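Scrolling down, you'll hit the structures one after another.
Common to both upcoming complexes is chain A, partnered first by chain B, then by chain C.
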Partner chain A sequence: MEQVQNIMKKPKSLISLGVNTQDARISLTYFTTSFATLLIGGILGLIQGLERAGLYQLPQGFNYYQVLSAHGLLLLVVFTATFTIGYQLANLSYAFGGLLPGVRKMVWTGIFLKLAGVILTVTMIALNEASVLYTFYPPLAAHPLFYVGLVILVLGIWSVCLAVFINYRHWRKEHPGQTTPILSFFAMGVFILWFFASLGVTIEVFMIIPWVLGITETINVMVTRTLFWWFGHTLVNIWYIVAISAWYIIVPKIIGGRHFNEKLIRLVVILLVILNIPGGFHHQIVDPGISLTIKFLHVFMSLSIAVPSLMTAFAMFYVMEKAGRKKGGQGLFGWFRKLPWGDVRFLAPMIAMIAFIPGGAGGIVNTSNQMNQVIHNTMWVVGHFHLTVGVSVVLTFFGICYWLIPHLSKRQLTQRMNKIGIIQTWIWTAGMAIMAGSMHIAGLIGDPRRTSDTTYGGSDIALSWLSYEYIFAIGAALLFAGVIIQVFAVFHMMFFAPKGHTEYPVALPEEDQPAVPMWTERWGLWSILLIAVVAMAYVIPIVDMIVNAPPGSPPFRTW
Partner chain B sequence: MGKVEEIWMIASVSFLIIFMVIVGYQTFALSMGPPSNKEIIDPQKVDQTEPFKDPGLVDLGNNKFEVVMTLETFNFNPGDIEVPVGSEVEFIMTSKDVSHGIQIPGTNVNAMVLPGHIQKISQTFNESGEYLILCNEYCGIGHQAMYTTITVK
Partner chain C sequence: MKQAGYGLTLYIILILPPVSELLESMMVFHMHTQMPLFVFSGFLIAPFLQRKFPNFFNKWNRTGIPGLLLVVLIWTYWQLPRAMDDALLLTMVELFKFISLPFLVGVPLHDSWKKVNAKVQYSFLIYIFLSLIITGFLYIWLDEQICNNYLVIEQQTLGWSSLAMGFCLLLYLSMKLFGKENTM
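What follows is the complex of A and B.
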């Protein structure tokens, strides 16, 4: 024990314990859940693609909206969330040389709560008691147990959040005067944002439960929508911070480079945490009941996220160019060819980063007043989040699997598995390019999202969407093949790959870097600033929505 | 931080500011802001409340029209509207049940219509033809069947 503590007192760059075995079991359990969910969510995605194009009809007793509700919930709230927890806990265990025993218990509790919540909500969807989609906008009213499931799910997430906060605080107490390892700093950002993001939806669900039980008669529709997006959009930005933790710290090591200036990295994390939550308002740009002035303020608040994102783009190209030149890359773009394109641990996150260029540009369209009106609730939006979450985030996650899972299972990443990973990455890229690309175009010419059949009695303009919908289906089929390969790869590396050691690729800072400033560790202050920004964004509109509220709405079941 | 980094940061922030100036100018000077009407209504008494007691097309003269419209699962009322070429049509809408959306593909008409709120959006139809009006917010099992037309001739 004393030895371990001595190691922990050394500068963090010298720790190379890897992930503690007990912690590895936790992460692997989360990954098992995650990829089992991906498989189910992927099947549901394929079904939708085919049904929408009119190539397949669901069997009696099931409907498109039910499948869509499950697809959205499973992939957005379960697959990405469980992957995030598994990966972030591994990072923490690596950075801190193991989690605290009490923290482990909380994290195990977290997964059981999360699973119980998911099983309850998904059962309600399967029984057709909750075909309310991912957004479950009141006055659509699902079965009360659907909402109870959501509460249990959130409790599971809070238990992990709390565990991370405790472990982080403990490390800081044990290491006075030191800044935390950068990977744990990212984890802190992720869970702080997650905690505050889930407050909005929790309040919403606690408004809904008495209403669906008949204790309250009506509900304020605008307030619930607004609270939903407080959470709903922040969620995707949580995945984004998780993804950039790999871009900043893991990718540079894989390409044989060093990570960017840590002060700037920390600044990006802090900005993303503080500025993120009000971004949700741009989902309500064409809503009634919110004034133009407030909407304009929110265009600014949503767009401010672009600044840390542009800083990230700069940093990544800087790091890659430097690594490429060190390997002998000449001329303006010679360094680009020197990057390890044949290494799936690089290729997957690299394509993810490239996808964020059009993804981010599309996001600017979505957040701005007038352009939002052109694309609101069209397939454009679906194309947008399949590009951002489906590529920028998910391909980064897939890339992480190829080193993290064998590391945790004490196995090797074989040449063969690397090749499978490369093939998977290209299939995924092609599938998403085809599907998200055609969705963007179809959306621009008016094809609405979340609609099982868009023929509208043979209207001319609706017919012009049909060829794109066939293309969605082709993309969806490729993506399904990608899901199968990825799930195979994950479980193969977990249970069947040859025993051995796989490196945990963590980049070091460049030499002669100044010390990382201690002020970056002031998480209390960042949380207060987060709350201040949320207050600026939400107090005026929500008070207005409550004070000037119309009589509320009773529950409806329209499916 | 290096000089290039500084230039990049300044460029990023300037880009944001220029963008906001353009969006702001279009919103407030050119009145191109998104539909944001703030009137409210009792969603359970839409049929008894003016002007929704009597939904329909109102000719205001001078090629101006008003469509007083209720949205409910899975219907637009009135449906199959007809207006002459060059008409400026203001849609005044509310929902009688859940959240709906109105979209007229090929135009910029795209707005949320929520219970308890009266939404307004205007469009000038300069080209003749049959335009599709559809609901673009999921409202239930028959959502895909919630559409009608506006014919311009």
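What follows is the complex of A and C.
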């Protein structure tokens, strides 16, 4: 009896049996949306690859920029966001032993709003009313309903953010003097960033709507671009925090180890949250209207993200070496071979992490003024983000699917499915290596991005890009095969795999770790610091852009 | 004393000519980055000095109030546009800035903060808040150039930045007053 009571007294998170069934339905709804989107996005990607290489022509009535707008928006915003939210909510439910009933309702409202928003925006693109690419930079102007769709989408995200904040606060009240479980701490970081990230783009959209309706005649193009990258860049770091939540907490368990010192993990999250948003300026290095000094200062802002990234790299190697040695790995690199390479739950995020090394190096090139001038708006950039998002983030997400989806659907991850996952991972890796690799090289010799036909009347230089574009197409074909396998795997694990239990692999801390400091929980203070950093970073350029504004631009429709 | 080491490192970085010139080249960074960072460096160094010279602090700043008055006095002085101008033109004034902000603001602030009660702490924060809001509106509304070294637009930028910082401080104050500290 006494023992039972002792167990009951343990913090909920330690006896949690997994994700609550009602919450599982929420996450599975998100994953369904996510992978349906991936399928469509993948088809569009293949079309782009083939069209650029001149191997395929879109039928009458469709144009390249329409396809590219849909590909960018669907994959960059819809696919990643729905996955992120589904996964983080599962983590939250796991960590807190279920979401609150009211919170669940808010989350469902969020899902419906988001779906409505996505359907509206995508319909406008499909009707060829919004071929403005995912950045929708003014003075390109889409149909007003496109922007209305974006607003509804953001409302959906806010609804989920608010739900998460309420649940987090509730847990803290119920557990005075305790720090929250680490997975929920990550979730909090993710949703705080979601909230502040979408603030920028919301202001932008509310500048655009009256302009496309003709209520205001002109728009300040530079301000809108700046607000867009406030969001766009932060989105990148949202993925990054989501990915490292798996790297830090899930991967160690899968390889039979423990997670790294929790205080340092929390510090990484806090730094990413506070310092992140102003990094957006590195997307505007060649924009006029921002003084050189400011651009110079922002190099520090963007490179400051390298600090938590390097901390992560060291922590991961530490954890992996320790786990490998525990399994008997000898010598300098023996531990490396002891890692479970045949387990897709490990292989996929591991390749993701490795890809982050060249990805990060490319990022340093992009953020350096002189080098940026060489690669700006070339295929290099497209290669860069297919490597970072397309591998580091996406493969981590794919790896998560192989345990999370069967866990949620109360099914098993079979040997066969693991095999399929391994094959999928290698096909994806090969496809991205081929496509992103050749995109980098083509970019260096000048091949422009976002261009359907790059022959330029047969000029010699332009023709030198063509062989690389064939290589893009080969990579694209492989990737398309990868998409098909992944989508098959996801829906198979969701609906058809044998019933059973799949473990939710959450690592424990190492023995004898010091208590996690309470000050890490001061999310109110972190948010205020975030606002202060944003204010300092944005005040000079924004005031300058508004006070010394050039004549604004009327809307243009170029397609 | 690791913390004092960080403080000293920060201080040395701040007084390096390329760093100080870069920060002073823009009014906002002069006022809202360089100066607060100087104060912060002194704040970090303070425990070391307190341990080294306990008698000095006990004798001159037993209640914490004298220290806080000194802080208010010096900080208010550096709010004057004229003071910033002088610092840019006269080496002696620049030197005074480098010394006064860490050692006459940062250090006494650290020494006083724990000694005074919550009411005094709040009053101090409200003073900072009001000074930010008042200078903020002043700088935004004034059409005249009040610093020889900075353009009107930089002045306006500083005004907006002051309002933003004031807003942050307001959030912080309300969080402290109305929220339970440990649930935030």
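Heads up, the rule we're going with is that the second predicted complex is superposed on the first by the 547 of 559 C-alpha atoms of A that agree within 3 Å, B and C clash if a C-alpha of one lies under 4 Å from a C-alpha of the other, contacts with A are read in each partner's own complex, and residues count from 1 in each chain.
Keep this in mind: a residue touches a chain if its C-beta (ideal position, glycine included) is under 8 Å from a C-beta of that chain, and two chains touch if they have at least 3 such contacts.
Just so you know, these numbers come straight off a predicted model, no measurement behind them.
Of the two partner chains placed around the shared chain by superposition, chain B is the only one that A:Val221 touches, whereas chain C remains out of contact.
Applying the stated contact rule after C-alpha superposition, one finds that A:Tyr56 touches neither chain B nor chain C. Of the two partners chain B and chain C, more chain A residues are in touch with B. Touch criterion met: A:Ala549 reaches chain B, while chain C stays clear of it. Of the two partner chains placed around the shared chain by superposition, chain C is the only one that A:Lys173 touches, whereas chain B remains out of contact. Of the two partner chains placed around the shared chain by superposition, chain B is the only one that A:Val374 touches, whereas chain C remains out of contact.
Of the two partner chains, chain C is the only one that A:Met518 touches; chain B does not reach it. Legend: residue contacts after superposition of the two complexes on their common chain; A:Ile531 is shown touching chain C, with no touch to chain B. By the touch criterion defined above, A:Phe206 lies against neither chain B nor chain C after alignment on the C-alpha atoms of chain A. By the touch criterion defined above, A:Phe495 reaches neither chain B nor chain C.
Comparing which residues of chain A touch chain B with which touch chain C, the overlap comprises 296, 548. Within the complex formed with chain A, the residues of chain C that make contact are 22, 25-26, 28-29, 32-33, 153, 156-157, 160-161, 164-165, 167-168, 171-172, 175, 179, 182-184. Residue ranges on chain A touching chain C, taken from their complex, read 169, 172-173, 176-177, 293, 296-297, 518, 521-525, 528, 531-532, 535-536, 539-540, 543-544, 547-548. Per the touch definition, chain B reaches chain A in the complex via residues 1, 5, 8-9, 12-13, 15-16, 19-20, 23-24, 26-28, 32-45, 73, 97-99, 101, 103, 105-106, 108, 110-119, 130-132, 134-144, 147, 149. Chain A contributes residues 63, 65, 131, 133, 137, 139-140, 221-222, 225, 261, 264, 284-292, 295-296, 299-300, 303-304, 306-307, 310-311, 314, 364, 368-370, 372-374, 376-378, 445-454, 456-457, 459-462, 548-554, 556, 558-559 to its touches with chain B in the complex.
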